[in-house]
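Scrolling down, you'll hit the structures one after another.
Here chain A shows up in two complexes: once beside chain B, once beside chain C.
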Partner chain A sequence: MRRYHLVVIGAGPAGLSAAIEAAKHGMKVGVFDENARPGGQLFKQIHKFFGSKEHKAKIRGFNIGNELLKEAEQLGVDVHLNSVVMGIYDPLHITVAEDDHITSYAGDNILVATGASENMIPFEGWTLPGVIGAGAAQTLMNLHGVKPGDNILMVGSGNVGLVVSFQLLQAGCHVKAIIDAAPRVGGYGVHAAKVARTGVPFYLSHTIVKAEGNEKVERVTIGQVDSHWQVIPGTEKEFDVDTICLAVGLSPMSQLTRIAGCKMVDRGGLVPETDEYGQTSVDGIFAAGDVAGIEEASSAMIGGRIAALAAAKRSGFVTEDEFETEYQNQHASLMKLRKGMFSHENKGRTDLVKTDEGYPLSMSLLKNGYIAEDEIGEYPGVGRTKKVGVHPVIECTQNIPCNPCQDACKFGCIEVGETITSLPVVKEGSKCVNCGMCVASCSGQAIFLVDEEAEEGFATITLPYEFLPLPEKGDKGTALDRSGKAICDAEVTQVRTSGAFDHTALLTMKVPAEMANRARFFQKREGVR
Partner chain B sequence: MRIENHPIIDSYQKGKKVKFTYDGKEMEGYEGEPIAAALRAEGVMTHRYTKKLHQPRGIFCAIGRCTDCVMVVDGKPNTRTCVTMLKEGMVVETQYGVEARRTEA
Partner chain C sequence: MAGICDRSKDIGPFVPQADDDLIICRCEEITKGEIRKAVHMGLWTMTEVKRMIRPGMGLCQGQTCSKNVKRIIAQELGVSPAELEESTARPPVRPLEMEVLGNEVEEL
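And now, the complex of A and B:
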């Protein structure tokens, strides 16, 4: 029987990070994954990640996946693919179905990093072909290059629903609407805003009434819900769609920890009870990532590293002192992410009305997916004083853990400070050279370069643009406001691409001067989408 | 339904072009992609019909969890097409209940 110092189940962000950390400390590591390709959901994530440099912020998820795989390979980690771990048996053995045979492996330590699966909601017509999970849409379009459909209704306004909606637009699909039964947008405001400005309407406090069609989805009816989640008669709306994407939460896939006899607790789904190091109630069995409690990939990677360090200490690969130092580093990094409006302690809260700094939260952003014009002037990234020349306008209005904008500006125009959930501040009197690095580095696509007086009667606005076909200099079209409404004519004056921008093009458009603080998206005359 | 150009993804990890049959009809896909992806690219939505009520089912989770997308592949029923990779000459058939042909009740 093969034996590893650490058996890792699941080759996603938590599992791979753990394998790397353990192998670095001299442990022989075997990673098992049921899929044909490693990486878990990382390779489906084509957006730039949040956090700070140490969390691999502004790097796209699939590139982080590639980095992790390369590192694991260099460290000699064994990755077993197409390998379904069927059970964990006393004391620390796993049985694995590989091809058509079953093999047993022993681990001095076992880390369960099996992730989560998507939730679903039942409604009339929910079994029709064309009703899919949002993750299924990501799998089809981002891994396999196949459009899940042409006309799509997204159900769920959490980060998954918002991010996948944007990715559907990038793949060339039409997102007809994003709906959510909750009264507030669940995910980051910046993710909502970048979808809303392209013209996708948000319907909060709405649910699906029914999906209809002959053999497949052809139509969907939604309706507004009252405070008891019941559809209010007369509020129904119909959309012609061929695809309904469900992004209604995730459930931990914790079955293996149950089989192993770990003590389980209900934390938005059954998860193994763990201490701060990921150690479950069974000595030598650890859990990290979504299986230990739904979070996101950045914190899963740190959780994996912490569990690996604990396993290394347990088996004598690191001393108590080494462990303590390294754990404190990882823990500090994790705590930076677990702050702000979307942290555990604030999860599900609907009573928040102010940022940590005391700025009023945009209620329109929470209700409609975009910041209203009378709300935008307030924020420290937007600036209240009259500016001369090009300057950044940072429409980042919620406390989310992210600071690449601060690192991007070499001229010190932007400050986030030590607490990475703080709102970015555009510093008075600083000199913007129009390099565009802040625009490209903002994972939330919330930074614009605005010159109110670019020429007599006209302003220019530089915005992040991640769609095809890429407009060209001289293209004429329409400027859309934050809500996606057409507000004026616009002409493209510059399109910048660069390796440093990592596939985010910087589109500069010229609009009438009075539209400088309203125009936020460009649509080519023939219709970009 | 194939994405020809993508603003972020430079290329998809794909094998060579291969032929397969879907209910006797010749179709094309790429070796190593899930059968389900190849079918969706060809516009096929229904993978199977349920045994009792004869209701259509297609892709739902696309990661091998829900088993809604099972079909008869090379004669083997209940094959999860979202995690079974396409090969040259595969015979893919709509599944009725657990069979490749609809049997009258």
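And now, the complex of A and C:
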């Protein structure tokens, strides 16, 4: 039987990171994944990641996946694809179905990093073709280049629902609405805002009543819910859609740890109980990533590394001291991500009204997906005073772990500080040179360059633009406000692209001066130059 | 678990609901009403319901429906879903052809 020092089940962010960390310390590692391609969800993630430099912030997910794969390969990690791990047997053996046969492997340590699967909610018509998981929509678009549908209803306003909605828009779909039974938008405000300003309406406290159609989804009815989640009669609304995407949470795929006899706990889905190093109740079996508790890819990568270090220590590949030093580094990095409004302890809270710094949270952002015009001046990245010349306007208003904007500005205009969840501050008296690096570096697409008096009676606004085809200089169209409402005519004065911007184009539009602090999106008028 | 092990608890009669014909397990086409009736027949655990009427025994092996099946059983019993034990996990965790299962190859 072939033996590995570490058997990793699942080649997603946690599994690959663990494999790399273990191989670095001299372990022979075998990674098994049931999919034809490694990388788990990473290769569907076409958006730029949050965090700080150490978490690979502002790098797009699939590029992080490519980096991990390359590193794993260079370190001699065996990656077995199309390999379904059927079970874990005593003592630390796995049985794998590969092609037309099964093979058993032995591991000195086993890391289960099998991830999670999407939750489904049953409603009238949910078995009609056209009702799919948001992750499935992402797989269709980003792995297979297939548009899931033309007119979409997104159910769920967590980060998955918001990010996939944006990707659907990028793929040319029409997202008719984003609904959520909860009273507050669940995901990052910046993700909601970039969808809302294209004109997608948010319906919070709304659920699906039914989906209808002949053979496939043609129509959906939603309704507002009361405090007991019951639909209030008379609040129903209908939308003509061909696709309903469900982004209503994830369930850990923890069967293998149950088979192995690990002690389980219920955290909105059964997960193996682990210590801070990912060690389960069965000696030598570790768990990391979503299977150990739903989080996001950046935390999963660190969790994988920590579990690998613990396995390396268990098998004598690192000394106690080496382990302690490296663990502390990883742990510190993980703790940075676990701060702020979306951390574990604050998850699902509906009573938060202020940021850590004491700024009032935008209630409009939580309810409608965009910041109201009377709220925006409150924040340190925006301010109420009129500024002369081009300057950054940072509409980042929630404590999320992210700071690439600070490093992006070489002229010291932007400060986040030591705590990466702090709101970015545009420093008084700093000189902006209109380079646009901050706009392109912001994973939340929340930074704009505004010149309120670019020319007599007109202002210019530079915004991040990730839709194709790119508008061109001279294109005429309409400026939309934060809610996606058309507010005035706009003309494109410049479109900047650069390798450093990593596929985020910088579109500059000219609008009437009084619209400088309202216009936030450009919509081309068809056929007009 | 203690609460639902007491089989003498009175959970009342089966009362039909408007959405009883809603399919919960897509693979085996088991409806909400069938699951609720099973509970009233005395099947109070995930394992019992699974063995009797098969939700979660199809192609996806309960990946899609088990959370919803659990919620329905719990609701019928008047307990929290967290109190219900998951049905036993056993290999193979994915559907597997007997032809493959019977073809073991030793890799050295």
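Convention: the second predicted complex is superposed on the first by the 526 of 529 C-alpha atoms of A that agree within 3 Å, B and C clash if a C-alpha of one lies under 4 Å from a C-alpha of the other, contacts with A are read in each partner's own complex, and residues count from 1 in each chain.
Here, a contact is a pair of C-beta atoms (placed from the backbone, for glycine too) under 8 Å apart; a residue touches a chain by one contact, two chains touch by 3 or more.
Everything quoted here is computed from the prediction, not taken from an experiment.
K.L.:
Where does A:E34 make contact in the superposed view: on chain B (first), on chain C (second), on both, or on neither?
P.N.:
both
K.L.:
Applying the document's definition of touch, where does A:S117 land relative to chain B and chain C: first, second, both, or neither?
P.N.:
Both: A:S117 reaches chain B and chain C.
K.L.:
Should A:G172 be classified as contacting the first partner (chain B), the second (chain C), both, or neither?
P.N.:
first
K.L.:
May I ask you to decide whether A:L128 touches chain B, chain C, both, or neither, giving the answer as first, second, both or neither?
P.N.:
It touches chain B, and chain C stays clear.
K.L.:
Return first, second, both or neither, reflecting whether A:M86 touches chain B, chain C, both chains, or no partner chain.
P.N.:
So A:M86 only meets chain C here.
K.L.:
Looking at the overlay, does A:G26 come into contact with chain B only (first), chain C only (second), both, or neither?
P.N.:
neither
K.L.:
Go through the superposed model and pick first if A:G417 touches only chain B, second if only chain C, both, or neither.
P.N.:
Neither chain B nor chain C is touched by A:G417.
K.L.:
First (chain B), second (chain C), both or neither: which does A:G389 touch?
P.N.:
neither
K.L.:
Would you tell me the residues on chain A in contact with chain B in one complex that are also in contact with chain C in the other?
P.N.:
Of chain A, residues 34, 117, 120, 127 contact chain B in one complex and chain C in the other.
K.L.:
Per the contact definition, I'd like the list of chain A residues that touch chain C in the complex.
P.N.:
Result: residues 1-2, 34, 84-87, 89, 95, 97, 100-105, 117, 119-124, 126-127, 251, 253, 255-256, 258-259, 264, 266, 269-270 of chain A touch chain C.
K.L.:
Please name which positions on chain A make contact with chain B in the complex.
P.N.:
Touch list, chain A to chain B: 34-37, 46, 60, 62, 117-118, 120, 127-133, 135-136, 139-148, 170-172, 215-216, 466-470, 503, 505.
K.L.:
Inside the complex, what are the residues of chain C that reach chain A?
P.N.:
Answer in residue numbers: 19, 22-24, 26, 32, 61, 63-65, 67-68, 82, 86, 88-94, 96, 99-101, 103-108.
K.L.:
Which part of chain B faces chain A closely enough to touch in the complex?
P.N.:
Chain B residues touching chain A: 1-3, 5-9, 12-14, 33-34, 37, 40-41, 45-47, 55-65, 68, 82-83, 85.
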